[in-house]
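Read through the structures below before going on.
Both complexes below contain chain A, partnered by chain B and then by chain C.
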Partner chain A sequence: MLKIIIPTIFLLPVILLSNPKSTWMNFFINNLLISATSLTILKPQINTEWKFSSPYTGLDHISSPLLVLTTWLLPLMTLASQNSLKKEPYERKQLFLITLTLLQTFLLGAFCATDLALFYIMFEATLIPTLIIITRWGNQPERLNAGMYFLFYTLTASLPLLIALLTLYNLNNTLLITILHFLPQNTNPPSTSFFLWGACMMAFLVKMPLYGLHLWLPKAHVEAPIAGSMVLAAILLKLGGYGIIRTITMLTPMTKTMSIPFITLSLWGVVMTSLICLRQTDLKSLIAYSSVSHMGLVTAASLIHTEWSLTGAIILMVAHGLVSSALFCLSNFNYERINNRTLLLVRSMQLIMPLLSTWWLLFNLLNMALPPTINLMGELLIITAMFNWSPPTILITGAGVVLTACYSLHMFLTTQHSKFSNHLASMQMTNTREHLLMSLHMIPMVLLMFKPELVWSGTY
Partner chain B sequence: LSFIYVPSPFAMLLATLDPRLAIRARLKHEFQLKLNDPQHPQIIEDPAMTHWVYARMNIYPNFHPTPKNSLLGAFWGIGPVLFWWSIFKTERDYRERLMKEGKYEWSPFQICS
Partner chain C sequence: MNKNFEKFYKKLKEALPSSDWSHIPLTKGLPPERADVVIVGGGVIGWSIAYWLKMKEPRKETLRVLVVERDLTYSRASTTLSVGGIRQQFSMPENIQMTQFSAKFLRNINVHLGVLNEPPIDIQFNPSGYLFLASEDGAAVLEDNVRIQRTEGANTYLLSPTELKKKYSWLNTDGVALASYGPENEGWFDPWSLLNGFRRKAISMGVYHCCGEVVVQMPHSAEIQPVECAIVVNAAGPWSGKVAEMAGIGTGPPDTIQGIKLPVEPKKRYVYVWHCPDGPGLECPMLIDTTGAYFRREGCGGNYLGGISPTEEEEPDISDLEVDHNFFKESVWPKLAHRVPTFECLKEKSSWAGYYDYNTFDQNAVLGIHPLVTNMYFATGFSGHGLQQSSSGPAIAELIVKGKYDAIDLQKFSFDRIVRGEPILERNII
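For the complex of A and B:
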């Protein structure tokens, strides 16, 4: 683990001591080296194997794919923000990179924590750099509102989690995930168990987000700069899923009854947010609501916690991380050219930038879970597991799949194929940097398509 | 008496008398000037479009609950959740009951016969 955490921390001197002309390059190359180092984690693992164990950190079959996703995404974030920060003074660029590095360190700590207390501290700590990125480098005045919504939704929901963790520590005298799964189940009366279940789960459900509590997500995703949007969509949502998967095994007797309303909410949220996507005027808002839709499936799967659903949840988390981040990058290309996120303004891009249209097509097809991509693998496993849990879910999940295809098609057709808008007098062509960014998103997807065992969570 | 021209309901308003067409012609003229300007700005901003986008974004801050609003919200928001909750609960309880009585078929279909 140290071979990833120490180079990430030492990115801070890289930023501070680099020659101003080559800071971005140094940061990017070092990040790619760290990602390459982290690929050694990505071996198919069995269920009970903890790799790289130390007293405080360790990697499981659930955290390894997410950790590799985190380390892969940071260089992509720097590549994407290079253009939007072009005009800022050098110290502010350094500050931006320092914030990204701090966020990366906390995320790495969260994913490799074996102690739930360390996980909680890192979970909360990731909020601060993200808040700084959203409110400081966002582009509209609404970013302040967005930052407040983001911070306070997650903080309010995670205070009960703190109390629940302290209670668990009092009961069991340890908070190690490796031990807590095997301790005897709690024999508290149902009223206490109800509150313990609620307290443990609410923080992660808000972060996922669950459909009723998802208000922070469109705001935060839309107002954040591109790096903030990428890290929010790709990784921070997965922290919620990871938390649910880790803590739900300790809460077993109550989960049977208490999980049903949340599964209902998340499944209904899949359908509702897909419908909302069809009505959006703002391109980034469309992609943000599609994130809620995909994460609704992951929430439902994590709450059932069967083997197939866990596999599907983790695959869908990895796949959605890459695809959602790529879609945000694509919408940022539009934003950098016309400084406006309205969907109807950048139509008929296929005529103007045909190569970019290829990327739009590919990532929209991935978004709607085209076979044989891993998106389909995840969604299909989740839908099958949900059907096994209760057959009527197939109605909701089926409608969700159809509507996902609908809004993905809508997004593609509106941006690429509609009538050309007259007011765009000139538009910059796509640079190599942008094509590199898109291909770096696509390469893991294609490779994982050929060997998905790397992210199947230990059941195969 | 002075004669005030009122368009008859059977005939359309004359183009030269319609005030809206004058505004439209002026806006088109300004747009064509900006479009064909050699030192043109890269983006020609349309204030009407900005207003429209802003209006579409700011629905919730101008929301206040009315009886119709609250009914629709309860019907579409809370109703489906309660509906599906009841369906899943009855189905799961039915399955639980079958399992307790021993009548639940764990694998109804055979892979090979």
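For the complex of A and C:
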């Protein structure tokens, strides 16, 4: 693990000591090197194997795909932010990159922590750099409100998690995931189990987000700058899913009853947020709600905790991370040119930037889980597992799939094929940097399509 | 005790998510930092476009529209200083269609611009019609114009001098070969109520507005607030030329598209109000003389207002809005007295001056996009008939929202004709 964490920490001197002309380049190249190094983690592996173990860190089949996603996304974030930060003074650009690096370090710490306490600390620590990115480099005055929502929703829900972890430590004398998984279940009085379950799960459910607690997500995603949106959509949401998957094994007897309202809520959220997507007028808001929709499926899958559903959850998390981040990048390309995100004013892009239209088409198709992509693999596994758990869920998940296709097509058709507006006539062409960004999102999707065993955890 | 409770309650309400409270003290009256469409100019054209944009957007809250007006007292605005006439007697079909739409809109104004719980608008529309008089030289043109107007569905008809004398006994038909009269959809109304109607309705539909100059600068402070926007609509009236220059239109080498300025300049026009005890009665239309002088009845107490467009040499100085009373005595009175003999004895009661947003190229509106600065839409250059063509508001709104003109095709009025150097001339100009 050190071969990834230490270079990430040492990105800080890279930023501070680089020649101003080549800071972005240095940062980007070093990041790509770290990503390349982290690719060695991806190996098809057996269920219970922990790799790269150390007293504090370790990777297993759930955390390794997410870790690789995290390291892959940082260079993409730098590539995407380069244009929006062009006009800032150099010190502020450095500060931005330092914040990104800190966030990356904490995320890496969270995903490779074997001790739940370390995981909790890193989980909370990621909030601060994200808040700084949203409130400082966001574009609208609403970003302050959005930052507050983001911070306080997560904090309020995760303080009980701290208490729950301390209780678990008291009961089991350890918080290592590797051990907790195998310890016999504690016979607690039902009230304790009830609160323990609630306290453990709420933090992650808010982060996922669960449908009723999702209010912070559209605000935070829309107001954040592009790098903030990418990291929020791609990785921070997955922290919630990862947390659920880790902690739910210790709470088994209560899970059967306690998880049912949350599974219901999340499935209902899939359908509801898809419907909301069809009504959105702001492009980024549309993509944010589609994130809630996909994550609803992941939440439901992690809560029923069968082998297939866990596999599906992890694959969908990886796939959604890449696709969502790519869609945010695409909407940012529009925003940089027109300074506006309203769907009404950003139409008929195909006439002006046809190459970008290809990327729009591809990522919208991926968003609606087109076979044979890994989005489909994830969704199929989840839907099948849910059907096995309870047959009527097929109605909701089926409706969700259809509606996802509806709004993805709506997004594509409105931005690419609608009536042409005259004021878009003289927009800049897409540059190589933007195409590179898009292809770097696409290449992992295509490669994973051919060898999904790399992220296919558990049941392989 | 009660007061404390009220304070606490107020604080509690501010803490809820839906309130406007922010922990940074914001200056009141600042525009939002980001808007989708910024309309420069808060006259009747600007507010009309704001209203129509909100009417034409496919769903509520799609577009954030901001109207920027530099002088909220409207002391120098062309809208409020206008005579308020509306006529269909133009020679271009598009002009006729625009004013027909305006007239229909004005007739049903409370249906369109009525706001819940607010008093209805009284536009004081006097449909008394316009009467154009033509001498021998202009008779053929007048006949042709009437033919075009009748094709468009306007109800104008021609009158010979004898018919004129029978209809209007106070008129001296000396030198008049032909006249044309429009009995419906023509007359005058109160521009201030129209402006307020549009403004009130647009604000109730969620249009933002602020007082300031472009680049938005608050009037009594040195604060400059940049507003990030996608589209700018230039509805600044006589000062559109300057606003366009701020966007770089007109700054450039003389032979390039960039070097072509927006040919809209302010030109001062005087309006005089007088009292004549024996003047024309209630049937008095807005009369336009063969010489170009015009007058109309104002109210029912024997007051009339009128004026004339000065010739090139007599163009008044635009730096202020002072009225030249000599101009009345020398240029307006003799002509009107010749036409209406009872105007020999009249008493000038008051006068004012206002600016035309005069299009020096061809005195017709400039509507549409600039070829280079593709997010500036023009809605200016109406040269004295802006108020009646405030229905170009929906045209511009359609252009922004749908990308093309829907109801009336105003492609003729685009900036391209200035680039190509092809003026479209209107044949009756006041």
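Criterion: the second predicted complex is superposed on the first by the 459 of 460 C-alpha atoms of A that agree within 3 Å, B and C clash if a C-alpha of one lies under 4 Å from a C-alpha of the other, contacts with A are read in each partner's own complex, and residues count from 1 in each chain.
Heads up, the rule we're going with is that contacts are C-beta pairs under 8 Å (C-beta built on N, C-alpha and C of every residue); 3 or more make two chains touch, one makes a residue touch a chain.
Being a predicted model, the structure only gives us computed values, none of them experimental.
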Superposed partners chain B and chain C on chain A - clash or fit: clash
Which superposed partner A:338 touches (first chain B, second chain C, both, neither): both
Which of chain B and chain C A:281 touches, first, second, both or neither: both
First, second, both or neither for A:370, with chain B first and chain C second: neither
Touched partner set for A:144, first chain B, second chain C, both or neither: second
Touched partner set for A:423, first chain B, second chain C, both or neither: both
Location of chain C clashes with chain B - one stretch out of 295-303, 385-393 or 403-411: 385-393
Overlapping contact positions on chain A, where the chain C interface meets the chain B interface: 281, 338-340, 342, 345, 422-426
Parts of chain A lying in touch with chain C, wherever the complex brings them together: 139-141, 144-145, 149, 215, 279, 281, 338-340, 342-345, 347-348, 419-426
Contacting residues of chain C [partner chain A, same complex]: 17, 22-24, 32-34, 36, 57-59, 61-63, 228-231, 368-369, 372, 374-375, 377, 399-404
For the chain B and chain A complex, residues of the former touching the latter: 31, 35, 40-44, 46, 49, 53, 56-57, 80-81, 84-85, 87-89, 91-92, 95
Complex interface listing, chain A residues touching chain B: 256, 260-261, 263-265, 267-268, 281-282, 338-340, 342, 345, 390-393, 396, 422-427
